[in-house]
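This structure is in structure tokens; I'll ask about it shortly.
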Amino acid sequence: MTADGAGEVAVETAITTESLDGTEVFRTLGSHADGAVLIFQGRVRQTNEGRAVSSLGYEAYGEMANSELRAICHEAAQKFEIGAISSAHRVGELALGEVSIVVAVSAPHRDQCYDASRWVIEEVKARLPIWKHEHYVDGESHWVGAPDSNLAPERSSPEPEIR
Amino acid sequence: MTADGAGEVAVETAITTESLDGTEVFRTLGSHADGAVLIFQGRVRQTNEGRAVSSLGYEAYGEMANSELRAICHEAAQKFEIGAISSAHRVGELALGEVSIVVAVSAPHRDQCYDASRWVIEEVKARLPIWKHEHYVDGESHWVGAPDSNLAPERSSPEPEIR
Amino acid sequence: MNTLSVRTLFFGVYAELASSREGVAEMPSGSTVGDLVDTLRGSRGLDWLPERVVVAVNQSYAEIGTQLADGDEVALIPPVAGG
Amino acid sequence: MNTLSVRTLFFGVYAELASSREGVAEMPSGSTVGDLVDTLRGSRGLDWLPERVVVAVNQSYAEIGTQLADGDEVALIPPVAGG
């Protein structure tokens, strides 16, 4: 965890291979000035764009990913009236249902808490140098967002030409 | 806990005197079809409308509060594409920082997760027959939202007339 | 029968102002929620009840015109403050 | 000096396509990010690089016109998919 303050806002971030759920954060996040706490978990879904997913691999540009995540959290601390923010992104191989990201925010009031949480997730998806390799039940795999799916080199076999 | 299903949506609610935090829910809520989980905690703040709060008492019309909370969750399950929803409200005496309410939602996608969570909180605040007795550091106390603060019978002393 | 009997419940600031959490009210058959509130306000010394009081009958929010039935549970609901 | 040397990093699908996660590129002094990308695309067989490739220099997103310095760490960033 990288911990520091943005003004008076406590900021903690991590890029980690260890399993996440955010429950520890729930007990320590925020102060008595904060009436609202919101924790978002992103989890590995069993389907993506109609394909049955068996597992995911997340690869990160580690140092940059953590510094971007910290930058996002600090920006959130300036944009929104919040008391504390903590976010961690998992990397490595994840099974279905495992938590890939936690974003935890505490704030005096719920409006700012929801708005900050939502904003951080969108920024993470736009900016964090992390890549997702989806493994499908049918044996294929694919880098999500790869510019052209024909480029994905791990297709286990070409489409059958004859049925 | 009152557990049942709204269509395929798992719904759990409780009005409880026991301490809440929502961490258990984090581990059990949702299925592999849900990529987003959001838990909102409301906590006792140290100030309200500029007054220093020492503690809170929540009183509920118990059976009705739980049936209203269940109704809200079922309505959320119909309005939003969610997979599961669990909400509990604490009653009794709460210290600063203690959790008064937990709203936990899982959904296939984050948009619906945030929207449902937010909607439930607003409905709870509008409809749940629960009342909050604030105790202040200065020794006074007040039922929040009482129609006229002059009606609050527990003022420890009248305002001093002479300074 | 010519009268009906309902159980009345008071919560929060209403319970304190009424110095009571619970009571029984006898009303003429056919009485509505509004009739009960008027009776409580006038004859029972609960003149502090606001003009538009929120009422639940048998644990559901009710309209002022809702007819009461014998045995109903009628709760006077102060402004709620959950969450 | 007349040349500068940068460390190049490849991630995700780029690493697979390049069959490499890391390299070193020698460029003329004064070269920009754009010059490096053109060189990589042309002379190193990385012709699959998209027209608008996202690049980070020393772990911060950089513009195509950013000047490189000797010893920079230059990462080619495929479309991100965190969260």
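For clarity, chains are labelled A, B, C and D in written order, and residue numbers in each chain start from 1.
By our rule, contacts are C-beta pairs under 8 Å (C-beta built on N, C-alpha and C of every residue); 3 or more make two chains touch, one makes a residue touch a chain.
Owing to the predicted nature of the structure, the values given are computational and were not obtained by experimental measurement.
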| item | value |
| --- | --- |
| Chains touching both chain B and chain D | A |
| Chain centre separation in whole Å, for chain B relative to chain A (CA means) | 27 |
| Distance between chain centroids, defined by C-alpha means - chain A, chain D (Å) | 25 |
| Centroid spacing, where centroids are CA-atom means, of chain A and chain C in whole angstrom | 51 |
| Multi-chain contact residues (two or more partners), chain B | 42, 121 |
| Pairs of chains in contact (touch as defined earlier), listed by label | A-B, A-D, B-C |
| Residues of chain A that touch chain D when the two form their complex | 42, 58-61, 63-65, 67, 89, 100-101, 121, 124-133, 143-147, 151-154 |
| Partner chain A, residues of chain D touching it in the complex | 9, 11-13, 16-17, 48, 50, 56, 59-61, 75, 77-83 |
| Parts of chain B lying in touch with chain A, wherever the complex brings them together | 21-23, 26-27, 30-47, 96-97, 108, 110, 113-114, 117-118, 121 |
